[in-house]
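So the structure is just underneath, and the comments pick up after that.
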Amino acid sequence: MSEHPNDYIKPELMACCGAREIQDGDIVIVGTGFPTMAANIARYTHAPNAKLMQESGVYDARPLRPALSVGDPCLNPGAAMIGGLVDVMGMFLQGGWIDVGFLAGSQVDKYGNINTTVIGDYNAPKSRLPGSGGANPIGSLAKKVLIISLHDTRHMAEKVDFITTPGYIDGPGSREKWGLPANTGPSVIITNKAVLRFDKTTKVAYLESYHPDTSVDEVVKLTPWKLEVSDDVHETEPPRAEELKALREILDPFRMIKIYEKRGYV
Amino acid sequence: MSKIMTTQEAITRFVNDGDFLFIGGYICRPPFAAIHEIIRQKKKDLTVVRSNTADDFDMLIGAGCVKRFICTFISLGLYGLARCFRRSIEKGIPHKIEIEEYTNLSLPLMLMAGALGMPFVPVKDMVGTDLMKIKSFMGDNKYKFIDSPFDGSPVMLVPALNPDVAIIHVQQADEEGNAQMWGIGGDCKWGANAAKKVIVSCERIVSREVVGKDPSRTIVPGFKVVAVTEEPFGAHPGYTPGFYDVDFSFGYLYQQASNTVEGFQAFLDEWVFGVKNRTEYINHYIQKFGYEQFKKLWAKFDYSYPVSYAY
Amino acid sequence: MSKIMTTQEAITRFVNDGDFLFIGGYICRPPFAAIHEIIRQKKKDLTVVRSNTADDFDMLIGAGCVKRFICTFISLGLYGLARCFRRSIEKGIPHKIEIEEYTNLSLPLMLMAGALGMPFVPVKDMVGTDLMKIKSFMGDNKYKFIDSPFDGSPVMLVPALNPDVAIIHVQQADEEGNAQMWGIGGDCKWGANAAKKVIVSCERIVSREVVGKDPSRTIVPGFKVVAVTEEPFGAHPGYTPGFYDVDFSFGYLYQQASNTVEGFQAFLDEWVFGVKNRTEYINHYIQKFGYEQFKKLWAKFDYSYPVSYAY
Amino acid sequence: MSEHPNDYIKPELMACCGAREIQDGDIVIVGTGFPTMAANIARYTHAPNAKLMQESGVYDARPLRPALSVGDPCLNPGAAMIGGLVDVMGMFLQGGWIDVGFLAGSQVDKYGNINTTVIGDYNAPKSRLPGSGGANPIGSLAKKVLIISLHDTRHMAEKVDFITTPGYIDGPGSREKWGLPANTGPSVIITNKAVLRFDKTTKVAYLESYHPDTSVDEVVKLTPWKLEVSDDVHETEPPRAEELKALREILDPFRMIKIYEKRGYV
């Protein structure tokens, strides 16, 4: 049995949930923030042979500070390989080598589709967002996609305003119809309230576990689609001592992760 | 035959209103010296392209130089959304730019196809999403969807891009334009080689002999290059591996300024129109923030092992 | 997780009869240590591929390891036509191999397409020639000719290649297989990355820290690599930049030997079957030709300038 | 007027003929032997800004000995850029940047088609040759192709046994029909007897100049197709003093070029 210290904050729990999705030896494409922390917690605990890369062209970086973008200077010295976008997005991702990708978005819907393009109408936007970047190809081609989201009716939707990145698109058979590679697609949505997985048949996200300070009812209420609940729904396992230790002592000594609390991850 | 000239001359001679420009970099090696000069010379109606963009493209958009933008992503990173870009799209300030959206897989491959003389290239992303539904100035040529003649499976083809001019910033180049780069590459090599003409901005001009000591570092051959400009700190507030770090506080300054139209104009007046060239810019930086802050940007010393190509 | 092993173990474990192999190099860095081991282990029914080939592929063909050859060119250079190849095609000795012919443009792009996960790639060569008319084991999938869906112009598409195993020889690699190379590249980077598994033979194993001092030199990431073998002089009689020169006199020896079936067999008996591994091979070389001739192959000292990736 | 020493050998004359086809600033793709010598004579005389590359991945090499293959070790140290086949054959040649390519073959025909694949029937060959290598793409895509050939009825043919590399294929309109780029194709055949060019209308090679020790009649007789003769046919200009000086003093001090005499270039 692992120890579970109870002084954790919600973003730490979420990072640990992400870490637990990663298996030893996995090739993981990460952005900044949560994904890097989650993947590194995995590396320092149960998945020492997991390898990370950034879309800008970096494989197995050894940053001495947390990277603030996929082009951060700290990703250069010590990396095992540095090429460019064609190497990572083409050779590794489209080439079929990426086991896990992390994505976040301004909106995520019940099929795991993600919007990072526009809130409102595309041609008369309420808010114009950054666009796809690497998100669409990661969502299209990584074997397993982990989605990070705030759990509220603004960030989760029955249907996103704009599908930037494909989840299961319109539901069962959609990815296949469009020729996306077999055995790819979103695997989990990790929110500040719960962990959702996708039903094998309907491809709709259902509740697998609710975080310690919440309940099935609360999560169902916060979710804008009719949230099915797993037969063995349970409380999310809190951060283990060794996970927190890796995070706090090695990966994020200045606890930059707290910034996510300010962004609503509570 | 030396192609060394000032950035002012390079932009005057080789960038025309209405041109299609690839501008390399992304936090790593954005050619800011050249970008400021484009703004100073009030170039307009440009079509610009790069995968992943930041303050550099935001500034060109805010300054009114851009008509069309072939894009995948624009943000100020740590500091959130790109202000000038949003104002253009949401409010038409200074005017509404046209955008054609791809991804960080498809767009680099379109530049690669351009560099390799291919008419188009198959990609596996974008399908099934709203990125397929929106088409702007490229119209039906944004992509084509075919059945593979090999096995009948559906395949998306995206067209090659061949910009008129590429502008990149690298660590070093010789007078002919042989350009050497190391560290994060983005889509720099393919974008530069896809273009009809290349302007190479560099931290230091080196001799042809220095280039020849390590020819595998060269990403653009001299024969494609029309101008070589020596611009130390030419990527500031971005960084150049081995030379200087990102200037996060300057990034914040830009973000704060670009929050408003007036702030953005004041920023341009101070940092672009208020100086003649990169030397005056750096001089102004030191005047304003002090030599100590400038010095903090300098890269630490951590050299690689030399290799030999001898036989 | 160390992947270091002997060449014998690597070939035993990862190369199977009937496999499709990419073998990198061309005078520069042919992985001869591995090639000899493939012959020693009498692997058979292999499909082999590379753009531009020489004595390395000729030897595999003469030894009877090859069933199919996706090729562009084979010759002994200075010493003329490839003898074993000719005997196979002209006289069926030891058996007639099947060949599928492409060019030094189309074949590297097919490997690139394989590495990039593309189903096919458009090429501008081969059209109008007899290279279009001949089709062998790839049949109608050798290429497809379509009208471009963009502008209706005729376009040839060639299929991606994804070999089962790639074998390359590079200057240095770490125990995980991160492989670093400099100098003439041929189709080595794309061929290796197109394969499902990579065997990296290298002149020297270096630490992960040495790799990290210059990560832009890495052409294959460790995660694709299944075996790392340290084989100094592993490319002899070819060369490795910075390590040793081509051995022209040994090339002549091979040509003379391979002029006849008997001579070729005697060559194999002496240089392949007569030794257990590369160490015995080099030892035999020194015994036979003297240390002085061996020493003449060593590269001169002419090092590059170190660079920094620091910030 | 240039000086013309008369101690030259035929391969030297041929190399000079090749050199004169190169203009200052041309980007030239070369193999070994004649092409390198010709291109370098040009560089040391009238075309100092011509640049050479080899298909293996080398641009602007500074070899200290004559390269014996496109992968020769001497091409590495001092080059301006080294990549691979995709860089040179893809980025530079297919990208449309190569002004001049040199080709040789076991057979060349009246349309400038070249055979380096097989003598006799493809499936039951009299002699199996090396194959295309870079020849087909160079013949397909270089703006100007210079062909080097022995002038006899074995090496020249009305029709080659196998078209490895396209000249004008079946004649006028063929390159266009196949979609080869405009303004590409063979420009000249330089033999040990003469210089032939291609008629703009018929695309058949005709006699432009005959070498000093031969005659129009002899060249016509040695050519296996009905060789048209230019209205201003003339004797080929012999090597100029400065051309020979570059060749003998700088490029080929050991006069390795003499090997071509043994191969029949007399």
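Every chain is named by a letter (A, B, C and D) in the order it is written, and numbering of its residues begins at 1.
Here, a residue touches a chain if its C-beta (ideal position, glycine included) is under 8 Å from a C-beta of that chain, and two chains touch if they have at least 3 such contacts.
Values in this document were obtained by computation on a predicted structure and should not be read as measured data.
In terms of their C-alpha centroids, the spacing between chain A and chain B amounts to 29 Å.
The centroid of the Cα atoms in chain A and the matching centroid in chain C are 40 Å apart. Measuring from the averaged C-alpha position of chain B to that of chain C gives a distance of 37 Å. Residues of chain D found to touch two or more other chains are 58, 73, 76-77, 82-83, 86, 90, 93-94, 141.
Residues of chain C found to touch two or more other chains are 109, 116-118, 123-124, 153, 155, 182-183, 185, 213, 216, 239, 241, 245-246, 302, 308-311. Taken chain by chain, the contacts fit none of the simple shapes, being neither an open path, a ring, a star, nor a full set of pairwise contacts.
Pairs of chains meeting the touch criterion: A-B, A-C, B-C, B-D, C-D.
Every residue of chain D that touches chain C in the complex is listed here, in rising order: 55-58, 68-73, 75-77, 82-87, 89-90, 93-94, 113, 117, 122, 125, 127-137, 140-141, 162-166, 169, 174-175, 177-181. Of all residues in chain C, only 109, 116-124, 141, 144, 146, 148-151, 153, 155, 157, 159, 171, 181-183, 185, 210, 213-214, 216-217, 239, 241-242, 244-246, 299-311 touch chain B in the complex they form.
For chain B in complex with chain D, the touching residues are 1, 115-118, 174, 176, 178, 193, 208-209, 211-213, 215-216, 218, 220-224, 308-311. The residues of chain D lying in touch with chain B in their complex are 27, 49, 51, 58-60, 62, 73-74, 76-83, 86, 90-97, 141. The part of chain C that touches chain D in the complex is made up of residues 26-28, 51-52, 71-75, 77-78, 81-82, 85-86, 89-90, 101-106, 108-109, 112, 123-131, 134, 153-155, 182-190, 239, 241, 245-246, 248, 302.
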